[in-house]
C-alpha cells in the first residue's frame, strides 16, 4: 500500500484537499501550508483538522478561560492546573488529589450506552495520567422531557452505560445530577467526573523529554473507532438522515481499562516513566503532538508498529482513531523491558512505537514512507484563536421581564407540594443510583442521597475529601453571569454542609454553537461569573472542559455550566450527614 | 491465621476483602490468579468484581486460572473457601457449589442495603451468627439470580445448605430467595451479598452496620477450634 | 479461514428474563403474532486451519456453555 | 409452531471485548488453533402462525439489534 507522503506532497502542490469537509476554514488551511512550506499530506491534514478543532484547540473559549488563571490569587496547593490532563491539589505535604469533569454529550446521543460508558472511561484515564489512582466517579445528566418518546432510549442507555463502565472498573459512584428539561431533547448532556489520589512524589506529566527515550503505546488495539469523531461528532450537530456519515462508534472495554490502571500504577511506583498521556478523543494525533510539544524536542513514530484491529487501516486512520483504553508512555531505553514486563503481567499490550529525537520535528512514518513531518507545537499549541462576536440574546429582556412575582399565587398548597414531589427533577433518584456500585473500594463515607459524596483517603489519619457538582441551565439562561455563580455557590454549600473545607473547582461548560453571538455571549458571561465567584470564594478553577455545539438545528440548549467543588475533611469520622440525627435537636435556619 | 484473597484480573473487592480479614484479626495474603500457590493460607476468599470482565459468563474464565486448580483441590480437602458475588459465580462454574447465577430478573444492576436471614450456622463462615438472625449487608450485582433445578433446590433445603436468604424483597429474582449456599461439608460458602462492605461503621450500610465482619471472625474461630 | 458457529441457549426449563422482556415489549410495537422469544449467544470461532467440529464441541462444553443451565449446538458455516 | 432465528452480531469494525476475552482464554485451555472469536446474540422468535420473515426483520431492526453497532441476519429454522 502507498500513502500520501511528504515527498509526494512536495511534488504535487496543487492537489485539491478536502479541508472544508474536515472542518477547517480556508485561512486555517492556508496557515497549515505556510507552517509546512508545502501542502499537508493526508495524515497531516487529518492531524491539523483534529488538533485545530474546537474540541482540542479551545479556539473560541481560550480568550475567556484565561480569566480562570488571571483572576485567582496564586495558590501554592495547586500542583498542576489548567492545561494539564487534570488539576492536582495537595492535601498535605505527602498526598494530593486530582479531579476533573468532562462531557461526552454527542456520542451519547448516537449510542447512549457506549457513549456514556466511554465518557466515564475517558475521564478516568485523565486522572490516571496524572499519576493518581482513580477512587470515585460522579455523573451529571440532562435529558429532554420525561415523557418524550426518545427519552427512555437515552435515559436507560446512558444510566446503564455509566453504571456498566464504572461498576466494572471498580469505582464507587458517589453522586451526580439528573435533570429533565425539553431543551435537552435532541442533545442530552452526559458529563462525568472522576477523582484520584496520589502521593505527591508520583505526580506525572505529559512531557516527552530525553532524546533517545522510547515512546510506548499501551492498552487496546487500534481500530476504526470514531475516525474523524472528534471533528464530526464533537463539532457538528445532528441532522435527520446523517446516519450514513456516522463514523464507527467507540465501544468501551472497562476490563481492559482496569488492567491499564493497575499496570500504569505499577509502572509509576517502580519509577519507570518519564512522561505519560492518555489517548482521548483525538487518539494518537493528540498524544503524539502534545507530548512532543510539551518536551520541546522532536519525536519519531512508526505507525506500522501500532497493533491494529483491522490490518487494512491507513496511516491517517491510525492517527485519528479514537479507540479507547490506550495510554502513551515516554520511557528511558533501559526501562523499556521492565515496562513491557509489567504490561505482560497484567495482560496489557505494550508496544514500542518510536523515540524522542533532537530537532523539534514530529516525524511519523508508515512502512518506511514519511507521512508526517511538522513542528509539534504547531499542532498542539499554535492553533487558531478566535475572539468571536458576542451579543446579548434578543429575547433576554422579555424573559427577564416575565417575573415570578406576576404568577398567580397557589391556593391549594397540598396539590402544589404533590406536583413538586412528583416532578422528575425532584423525585427520588435511587432508581438510578441503585444501578451504581457505591461500596467498592470500601472508602465511601457519604453518597446518594447526600448533598455531597465523601470519600476516605487515608485509613490511618481518616483524611478525606468531599465532592459536589451543580448546575442550573434555567437560571443560567436568565442570567448567565449569576447562573454560573449560583452553580458554584450551590456546589460550595453542598460540600461545606458535610463539614469539609472547599479547596478547588472543576467545571464542564455545556453550550450551543460558539458561532452564534448570543451563545458566545452566554458563554463569556458564565465564565466571567464563575471566575468572579471563585475569586470571591478564594478557590481556584484547576481544570475542566468546554462542550460547544450542544443544539438541535439552530436551537441551543440552555447554557449549562456544571460546577464541581472539591473539599477536604481532616477527619471523615466527623462528617455531617444530612437528615436530623436525634429527637430534641434544635433546628436553626441560617442565611436570609 | 492467614486468609488468602485471590486477585483475578478484574477483581474489584479484593482490597476490601483483605481489609475485612485484617479487621477480623487475620493476616490477609494476596493470591495472584496466575500463581499455582496458596502460600500456606488457612482460608481463601474469592472476592467480588468482574473477573476477566465477566465476559461470556460471570466467573467462567476465572474458573480456569492456575490458582483455581489449587483452590478446587484444597476445598475438596476441607480448606474454608468463601466466594462473594463474583466469587460465588466462580465457585458455581468450578462445580464446588451446585447451580448457577443468572442475569437479575429485572435485568438491572442493583446496589442496595439488603436484609438477610441467616439460615445455617454450621459452616466455617457463619458459625458466629445465630440461626434465624437478621442482618444487613450490601448487595450489588447484575447477575445474582440463583438458579438450580427443583431437585437440587429441594436437596439444598433438606440438607440445610441454604446459608442465607433475602428478606424484605428479593433483589435479583433468585429461586427461593436464596442469597447464599454451602457445600455438603460446610467449608465452602457462596454468597451474593458483600459482607466485606459491612465491616466498618464509617463505610458500611446506612446506620453503620458491621454485620459482615462476623463471617470473617467465624472462619477464624472455626480454624481455632480445629487447630 | 473456516468458521465454526456455536449456538448457546438457555435450557427450556430455565427462565429467560431477557427474552421475556422482549416478548412483553412486542405488543407495544404492534407485533401480536410472536408467541415467545428466547435469547442466547451466537459464538463464531475462526479456525486457523480446517474447521474442527470436535475441538469446537470440546471448547463449548468446557468454556462456552455452562451445561448446568445451557445447551449448545455446533456447526460449520460455509 | 414456526421459529424464526435472528442472529445479531457486532459489525466487523466494532470492538468485541467479549470475543477478545474468550480468545485470550483459549490458549490457557490448551486450544491454539482458534484465531479469533466473535460473540453475538441468537434470538429465537416463535410465531403463532406462519413464520413471517418480513415481520421478523422489522422487529430485529426496531428492537433486537442496535443498528448503530450491530448487524443482523434473519432466517426460518426448520
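Order of writing sets the labels: A, B, C and D. Residues in every chain begin at 1.
The working rule: a residue touches a chain if its C-beta (ideal position, glycine included) is under 8 Å from a C-beta of that chain, and two chains touch if they have at least 3 such contacts.
Keep in mind that this is a model prediction, so the values were computed, not measured.
Engineer: When you check each chain against chain A and chain B, which touch both of them?
Structural biologist: D
Engineer: Using the touch definition up top, find the fewest steps from chain A to chain C.
Structural biologist: Step count on the best path from chain A to chain C: 2.
Engineer: If you tally contacting C-beta pairs, which pair wins, A-D or B-D?
Structural biologist: Top pair by contacting C-beta pairs is A-D.
Engineer: If you average the CA atoms of chain C and of chain D, how far apart do the two points sit, in angstrom?
Structural biologist: 8
Engineer: Report, in whole Å, the distance between the mean C-alpha point of chain B and the mean C-alpha point of chain D.
Structural biologist: Measuring from centre to centre gives 33 Å for this pair.
Engineer: For chain B and chain C, let me know how many angstrom lie between their CA-based centres, rounded off.
Structural biologist: Those two chain centres are 29 Å apart.
Engineer: For chain C, give me the residues that contact two or more of the other chains.
Structural biologist: Within chain C, residues 63-64 contact more than one other chain.
Engineer: Can you list every residue of chain A that touches 2 or more other chains, as numbers and ranges?
Structural biologist: 253, 255-256, 347
Engineer: Specify, in ascending order, the residues of chain B that touch 2 or more different other chains.
Structural biologist: Residue numbers touching two or more other chains: 52-53, 55-56, 61, 64.
Engineer: Touching pairs of chains, which are they?
Structural biologist: After working through each pair, the chains in contact turn out to be A-B, A-D, B-C, B-D, C-D.
Engineer: Touching chain B in the complex: which residues of chain D?
Structural biologist: Of all residues in chain D, those touching chain B are 17-18, 20-22, 25, 28-29, 39.
Engineer: Hey, which residues of chain B end up touching chain A in the complex?
Structural biologist: 9-10, 12-13, 15-16, 19, 48-50, 52-55, 108-112, 138, 140, 142, 194, 196-197, 200, 202-203
Engineer: Where on chain A is chain D touching in the complex?
Structural biologist: Against chain D, chain A makes touches at 110-111, 114, 220, 223-225, 246, 248-251, 253, 255-256, 309-310, 323-324, 347.
Engineer: List the residues on chain D that touch chain A in their complex, please.
Structural biologist: Against chain A, the touching part of chain D is residues 10-17, 20-21, 24, 66, 68-69.
Engineer: So in the complex, which bits of chain A are touching chain B?
Structural biologist: Listed in rising order, the residues are 160, 163-164, 167-170, 253-256, 258-259, 346-347, 430, 433-445, 456, 459, 572-573.
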